[in-house]
Amino acid sequence: MTLEIRNVTKAFGGFQALDGVRLSVPLDSLFGLIGPNGAGKSTLFSVISGFLSADQGEITLGGRRIDGLSAPARARAGMVRTFQVPREFSHLTVRENLMAAAPAQTGEGLFGLFFRPGTVRREEAAIAARVEETIALLKLTRVADQPSGKLSGGQKKLLELGRALMVEPRLILLDEPFAGVNPVLIGEIMERIAELNGRGIGFLVIEHDLEALTRLVSRMAVMDRGRVLAEGEPAAVLDEPQVREAYLGGLS
Amino acid sequence: MFYAQLLVNGLVQGLVIGLAALSITLVFGIARFPNAATGDAMTLGGYSALAAFKATGSMALGGVAAFLATAVVSLLAYLAVFRQLANRSVVSLLVASIGVAFFIRAVLGVTFGHAQQVFMAPLSRPYVLGGVRITPLDLQLAAVAAIALAAVFGLLYFTPIGRQMRAVADNRDLARVSGVRPGRVMVALWLLAGGVAGVGGMMLGVKTIVSPESGWEMLLPAFTAAILGGIGSPGGAVLAGLLLGVAQEASTPFVGFTYKIALAFVIMLAVLLVRPRGLFGRVEGAR
Amino acid sequence: MDAYLAAIAIIALIYVLLSLGLTLQYGLTGLINFGHVGFFAIGAYTSALLALKGVPLILTFPAAAVLAGLSAWPIGLVSLRLRDDYFAIVTLGFSEVVRIVITSEKWLTNGVQGVPGIPRLFEGLQGFAAQAATLAVILAVTIVAVWMILRIAKSPFGRLIEAIRDNEEAVKALGKDPASFKIQVLIVGAAIAGVAGAFYAHYITYIVPDQFIPLVTFYVWMAVIMGGVGRVSGAVVGAAILMVFLEGSRFLRDIVPWISEVDMASVRIGVVGLLLILFVMFRPQGLMGDYTKR
């Protein structure tokens, strides 16, 4: 079972953000995506998750074409993204943020909430139990009842991850989960991610912190100027001359 | 012949809408919110022009008075209200602009009363051009509008402050890092936006009546023209205003006088659904 | 005096209903509905015209709710694809078009002359009894509406519409479609406004297009903003303050006879404008405080 991206292109005006991207991400893997600024990583995330539409190309998830689906429909198909800049529901508490993320709730329909109160109560109890697990897993217990707008940047990143988990997806797209997070917390988030991967959830991770990423993922792809330059095991990929020139060379 | 006459009437009407739409599109493009006080700013222009016209008998001086008075009030509204809300959500600015609109209307109502007033322009023989009647008054109005438009476009495209205004409309952050002083741009913006709305208000007053509610009625056609022209596109706003004016006049025989404004609404919906960037705008130009 | 207080209470409850609808739409969901008066007008005319055709009021009130709600549906479909600020303009335009239509379609609405002689609720009762019974009914309806909105606010549905208000993109990323929730909210809010319109028509007994100007929409906005955006209790408190303001200005006019009625109308508009500005600038959370601390 894989997420397949075939020949995806996307242009903004004259700027070719994605130029024939091909990538195959196994749904149970820990997969890294790196590249210099402007390489097209975040654009690729948006195109995969349906927030932008591709100009050309095909995207399939577990063999099913998803490139014609809306963003919510793609999430329901089992693939949830997070955002580079956290998008918490700022007036809701951490607990409410997580509750809101749970899928297929009877109480989210006006009919259900007025005419099937028993079902709604039972579902809420079940969701609340899962939320407690998620809060414990992400060590957010202390802030669980605070409005999420008041959290620190790192806590918001964790909350984004937690919301994605509540959807119970097969694959989570993480956009820079370590950006702006304090180093102690980075270690913790990585442990969580590895743990979750052990339970069969796949991750596709964009990250600038190469050191952290290479420790985390088992495979990675390198993008530059809208193309995938190389793909494979982290050490091997980083050794390729093309990559060193385009990416690491550009940094030093 | 009948249609040619409607065309001429429509163009005069279209100038009114175009001036209002220009005011809206400038504010929308640079200060980034739809200013609902534009209609009542026009009313202010109407009353100012009327006062100057009664005192001097000159339509041109009426136009100058309308431009100046409305520009000053518009700047005051910016300094007192909109500048304070610059970093707040669009809804804050939008609700505040409604507040400003009501406040202007109230002051005008108390000051000038509620009776409808008209410009008692001397009647003069219309020029007849191939069967189409054009009154000297229409020509005077068109001249005032043309001068106002020429001044605005000259300022926008041929002066440093105009270039800065367009730079801010294009990309505020980029403009800031390249040394544009946003404060001065905003002052220029509100003076200009107020002034053109005022001139539009004078024309509206001359063509119809002046009453505390008269300008508000123009808000919907003006928004429509601003959207049709493409938010942030000054030329587009004026052109779309002219188009809408002609369309309204041309449709009057079929849909009746009162449905003119409804026509603007239908056009607005159609544009928003089919081509939200308008005829000349950029997709994300407004944000 | 009793009759006067009952009259004020009835009008105040009509504003409470309108404020509840807007609280659901703007306060909880973040929809900038600048056309509330349009749905109010549709409710008023629907119930009034049906009643004059002999339809019993027990049916005209639901009809008002249904038609006002249904009229929100296409507006929702069309405009929920738009940005917030365009949505505001479109709804404002919608309410203006409603007023144009009821002004123009004389065969149906009698145009600017308006619809006179609308039957009251409880025509059978005499004098104050009829008024008291009307008050009891509208109070009961308002209580049901408050209960409904509270129920919605505290439900998973309420949680999700608040999530939409806070960040719509994130809601999409979680696999939920904001548009369908917004349309439902728009319809429910419009239906409540429609019921308010029906009460208004049958209480005033005479409706004309000029009663349905955008000023009414912004009276309701003023009430919601003053009471505290996003709080159901705020809608009630805000509507009460609005009523005190409207009636107070009428009293003022009785004691200060040299102010004419039209001048008083201007003063009223000016105060509404000033309050909108001041609250947005200095107390956006309203009188009742921050809505995150419900």
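Going in written order, the chains are labelled A, B and C, and every chain counts its residues from 1.
Following the convention adopted for this analysis, a residue touches a chain if its C-beta (ideal position, glycine included) is under 8 Å from a C-beta of that chain, and two chains touch if they have at least 3 such contacts.
Keep in mind that what you see is a predicted model, and the values were worked out from it rather than measured.
**Q** Tell me, please, which chain's centre (mean of its C-alpha atoms) is farthest from the centre of chain C?
**A** A
**Q** Out of every possible chain pairing, which has the most C-beta contacts?
**A** So the chains sharing the most C-beta contacts are B-C.
**Q** Going by CA means, which chain is nearest the middle of everything shown?
**A** Central chain is C.
**Q** Between chain A and chain C, tell me the centre distance in angstrom, where each centre is the average of that chain's C-alpha atoms.
**A** 42
**Q** Calculate how many whole Å lie between the centre of chain B and the centre of chain C, each centre taken as the average of the chain's C-alpha atoms.
**A** 30
**Q** In whole angstrom, what separates the CA-based centres of chain A and chain B?
**A** It comes to 47 Å between the two C-alpha centres.
**Q** Where in chain C do residues touch two or more of the other chains?
**A** none
**Q** Quick check on the complex: what are the chain A residues that touch chain C?
**A** The touching residues are 49, 51, 70-73, 75-76, 80-83, 87-92, 96-97, 99-101, 103, 105-110, 113-114, 120, 123-124, 147, 149, 163-164, 166-167.
**Q** Where on chain C does chain A make contact in their complex?
**A** 148, 151-152, 155-157, 159-160, 162-163, 165-167, 169-177, 181, 184, 188, 230, 291-292
**Q** Contact residues on chain B for chain C in the complex?
**A** For chain B paired with chain C, touching residues are 33-34, 36, 81, 84-85, 88, 90-92, 94-96, 98-107, 109-110, 113-114, 212, 216, 219-220, 223, 227, 256, 258-259, 261-262, 264-265, 268-269, 272-273, 276, 287.
**Q** So in the complex, which bits of chain C are touching chain B?
**A** Residue list for chain C touching chain B: 32, 34, 78-79, 81-86, 88-90, 92-94, 96-97, 100-101, 103-104, 214-215, 218, 221, 225, 262-263, 265-277, 280-281, 284.
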